[in-house]
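I've put the structures underneath this note.
In the two assemblies presented below, chain A is common to both, partnered first by chain B and then by chain C.
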Partner chain A sequence: MVGAGGGGRLPKSSKHYGLTALCPIKLGTAPGRNSSYEAVVRETLAGLDSHERSPMARVPNTYLARLYILKDVFYEGRSQQEHLKSQYLFFGSDFHGELEPYLRGMWENIEPEVRLIWQHCVAFGSSVNSAESFVDYIKKCQVSNTFLFNGSNDRPLAEQLKGLYLKQEFGDFVASHQGASDDELRSAFLSFAERVQVTKLDGPTWRPGAQTLESARTHS
Partner chain B sequence: MTTFEIRSGVDLHDVQGNIIKGYGRYGFPVARYVTYRINAAVAGRTFIKLLVPMLTTSVPWSESGVVEEGTKQPPSTTNVALTYEGLRRLGVPERSLLSFPDEFVMGMRARASILGDVGASAPKNWDPVWQTEDGQQPVHLLVTINAESSDALAQRYEEVGLAARAANDVAGDSAGVQQLAGHRSAGGADAAFQDGAALRDEHGTPGPKEHFGYTDGISDPYYKDSGSRSSNVIGGGKRLRDSSPATDAGWAPLATGELLLGHTDEALEYPAAPVPSTLSKNGTYLVYRKLHQNVATFDRYAASEAAKLSMEENLFRAKLVGRWPNGAPLASFPTEAEANAFNAKLEQAKADRFDETATPTQRAAATERHLELKEQQSGFDYREDIAGESCPVGAHSRRANPRGSLEFGQDHAFSTPGALVNRRRIARRGLPYGDSSDRSVDNGDHGIIFMAIGASINRQFEFVQQQWMNFGNDFRLGNDQDALLASWPDEDIDPLRARMTFEVDPDGMEVPKICTGIPQFVETRGGDYFFVPSLTALSAIARGAVDPT
Partner chain C sequence: MSNVAGKAQALNVWTPTRRKGIENRIIFWVLPRFFKKKLRGLQTLSLIHYARWVIIAPKDFPNLGEGQPTEELRHHYECFLSNFNGNWDQYIDSFSMSLGTGLDMLWFKNVGFPNSVPIEPFHAYINANSIPTDHYYSAYPLAASNDVKAAQRVRDSLVTLAGSASGMSPKQFRQAYDDTIRKHQDDISRLDESVIVSLATEAVQNQARQEAF
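Now for the complex of A and B:
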């Protein structure tokens, strides 16, 4: 199914896209290093920041992204042992929207990191030098999947983060204004609404990728 | 040709009695928990060999009238449990040791972050007996004694002590088995044992109250073949879909394997268990936690927060746990008047049941009435109260046992209403300790020895503690913690984070009430994870005959 281009999307009306791509890593020794390309890629992945400091947190509409190295298939006994022809960089991302604009957004926002991560993948250096060529490259590496990350609805990320932010802030507002008179409440609510900017998605809001309330709020 | 008779059920002679029986309810109001270190395997094994004939099994007592043959209820009960380090020191083979689950091997101290044992509850603040210098579990063997009187308790404690000394004599090592002191008590931090005792009412009668004033231990899980009264299935079993929760048709017994190793569980398989099966079958795990209760802080907070929210204080207290202080569930008795009327009937039936001047017929009728009323304490669910307007969604007892409400009113969301609950049930044992008659200070000696029993510490106790007590997402309560058990890593916590909502009818005009700035009411003071072997397994351990090959 490699290259079949069947992204995961269930049901069809959903705006939630599940991308799985397997990008072959070059075989052999990395130039100037006493290690394989695979080891260099592994080192690069290990050095990436996570949560709100992850480069993927800067890619719009990312619900959940994973990068890891697929070394080989497991031998399950009986039949002839099989091996992968290559080691692969696995890239999986669950996001809102369509594949191509998402990948373009990735290139536009974290091009240096994309180059760093994919530099030792087969044909990457020779074929990818723009958003469009990155889209083409990932689509060539795409495999079908049928399982999506189930921890998110299918709204745009900015809406979800704003929703979570508002829920938390409104809960705090209610808890801290119990028993207030109608006038006090009205005036407090107006300044609350002024502060949280209900319809403004780009802020104040929660920070993408944040794992704790404290780190989510530093953005608001 | 020989025909074999296949027996169903559980060999209750092989199962230690504390697993099946909540001794407190059988008229054993006092308890002693004795901790031992095993320095010499021979002494440890001999100690166990001498303890085995003293142990109380799960065979029903004749008075309970459940089975035809029964043993007479003794004046005291004795049970034994072992930590991982205890098993290792007793010479249980490596292969068996390696087959125990991770959380048991690690012990409770190492699971502190999962359990929320942080801040005041952090292991460094535990009683001296639970402190370790070498990183190994300090307590290896736990003997639990329950008794009908202090005299019976003292006598059995003496007999256990004699067994330990005899074992040391056999081993020629006076410290082969060493009783570990270091339990904090009213007399200091170095008590030789931990005592527990049911709290007494104004007439001196032991009752089911705990130090915050609630009636505790009303609804315990009911397991298949556990030998207890079948009507306990109401509220204690797993919730079925199409019958009323007030009747036994509304519930089915939980699979035995949720409680006991070596029996099929709710997943229709044997729970993961150590090898060989001789070691694990009819055994289970016990979580021992000493929980200090800050009674002054609790009373102060209940009074001030109830006033702040313009609520009757008793209603406020009831909302925190989901039951009125007298035990009546909020879901069935939303007002205090209803709860009190119900409780008066219950108390009357109980008095009539044990009235020695009444005729046997009168007493039998009163017994029937009493049991029916007790069923009403447990025979409910939250189907009529999904939003939490009677019993808050985050109330302590609702969190601990959501009774099918995790479908959130959406019928057939799961195959059964209890699909997310049936594998998270824990049998609760244990008793309060200490005296809280001086309620002006927190630092007296008062709390509860909480004991949870089940086939998987990780899947049952730890899950409930981590996901349902220390977090609120499964109940759509975000990161709200349980109000009673909430723990905080440090003191300057945002008061809006420490909160609980009392929901109202979503279609009504009433405003929900939110309590905030909930202080830490309960502090962990120690404990560990124990294995409660069957009598068969204990004998095998004592003989050094556990053979996993």
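Now for the complex of A and C:
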């Protein structure tokens, strides 16, 4: 599924939204630190937990997300060299749904981490103190996608995770019921369906961000 | 710092365009509208979860006041972000094979772009213009994009099968069950954890396991 906005205005392909934001980092040395604001932001990002403990695992409907620092533009050695005057915190997220509810969900679920990550960005401290002001802030930092590609699907994350849970469980069921009689098979499947709750999205299912089968299965 | 989240890998590439990226903007406008067949290569590639190209003009760099200097750049920059499965060499080789010279269109006349064939200079160009990710998150590190798509198909069929199983005779159920398995024989393979890419990663995983108990 491919989406590209006329003039690059649309950041969506169907219900998949690709957020691209460049948040300018303050210039100079962070108070009380012998480091630049940029170095402090980088240190903060490096200290974030990963996988199911990543703050992004608590943000509803996040498929994939990344944070990195754009320190400068690249010089190819062929034309006049140029440099950025500010460094930027790059925030990219692929998620299901619309931008504003997504960002509100982000603020509501991980406000402390949002403050920690963005505290040294220009105008964050002076303008962001609520979900709505966070939405406004990120929209000011948003840049339009020129071409957005979806090689997966755009279902809500809960459906994707439930699907993965069921795929795994059903694979096990099929493997362990080869050779069963018709009666045994139907009876076993009814028990299986009762256990996995096929239509119930909030559990049993997989935990967002889980990187081992052990930890993925514990969510129910 | 990590470009890897289980089976997903992040790529961030920034390249300067020529002539304010006008041709690139036109290409990205025209491609999905009139050359969908060309893009099927990307779809069948099946290595990509989500990807995007963003052409950024100097004026597009957000300026939020409070003394932030205005950017004074001559070039417009093309930013490419991808979430893919496998390693970079596999990805870029598959990318090149599935799109062929169509790949050249995606970085058309970017400054220093050596064209996608031969592949070594192309690898070097992408590597030289890549930025490491400081924090990368995937909601399903155990799954490739094909797994996510297959899982949805399995779920849709299981909803139907589970909804009707109790009203079927054992023989009718056997028929429906076998039909489901036949339909999804490529979809119900088991997922497993990604291979350990380094001893450091393994140590982190072991530590996380210990902390969980």
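Please note the rule applied: the second predicted complex is superposed on the first by the 198 of 220 C-alpha atoms of A that agree within 3 Å, B and C clash if a C-alpha of one lies under 4 Å from a C-alpha of the other, contacts with A are read in each partner's own complex, and residues count from 1 in each chain.
In this text, contacts are C-beta pairs under 8 Å (C-beta built on N, C-alpha and C of every residue); 3 or more make two chains touch, one makes a residue touch a chain.
All figures in this text were calculated on a predicted structure; none of them were measured in a lab.
Peer 1: Report for A:Leu103: first if it touches chain B alone, second if chain C alone, otherwise both or neither.
Peer 2: Touch partners of A:Leu103: none, neither chain B nor chain C.
Peer 1: Touching A:Ser176, do we find chain B (first), chain C (second), both, or neither?
Peer 2: In the superposed model, A:Ser176 contacts chain B only, not chain C.
Peer 1: Under the stated touch criterion, name the partner, chain B or chain C, that contacts more residues in chain A.
Peer 2: C
Peer 1: Touching A:Val143, do we find chain B (first), chain C (second), both, or neither?
Peer 2: Only chain C is touched by A:Val143; chain B is not.
Peer 1: Touching A:Ile69 in the superposition: chain B (first), chain C (second), both, neither?
Peer 2: Second partner only.
Peer 1: Touching A:Arg186, do we find chain B (first), chain C (second), both, or neither?
Peer 2: Only chain C is touched by A:Arg186; chain B is not.
Peer 1: One more residue to check, A:Val40. First (chain B), second (chain C), both or neither?
Peer 2: After superposing on A, A:Val40 lies clear of both chain B and chain C.
Peer 1: For chain A, which residues belong to both interfaces, chain B and chain C?
Peer 2: Comparing the two interfaces on chain A, one with chain B and one with chain C, the shared residues are 167-168, 171-172, 174, 213.
Peer 1: Where on chain A is chain C touching in the complex?
Peer 2: So the residues of chain A touching chain C come out as 1-4, 6-8, 16, 18, 20, 22-24, 27, 42, 45-46, 48, 50-51, 53-54, 56-57, 62-71, 73-74, 76-80, 82, 84-86, 88, 90, 92, 94, 122-123, 126, 140-153, 155, 157, 159-164, 166-168, 170-172, 174, 181-183, 185-186, 189-190, 193, 198-199, 206, 208-216.
Peer 1: Which stretch or stretches of chain C touch chain A in the complex?
Peer 2: That would be residues 1-2, 5-6, 8, 10, 12, 14-16, 24-25, 28-29, 31-32, 36, 39, 42-43, 45-56, 60-75, 77, 79, 81, 83, 111-112, 128-129, 131-143, 145, 147-152, 154-155, 158-159, 161-162, 165-166, 168, 170-171, 173-174, 177, 181, 187-194, 204-205, 208-209, 212 of chain C.
Peer 1: State the interface residues of chain B toward chain A in the complex, per the touch definition above.
Peer 2: Going through chain B, the ones touching chain A are 308-310, 478-479, 496-497, 499, 511-514, 516.
Peer 1: For chain A, which residues count as touching chain B in their complex?
Peer 2: Its residues touching chain B are 167-168, 171-172, 174-176, 178-179, 213.
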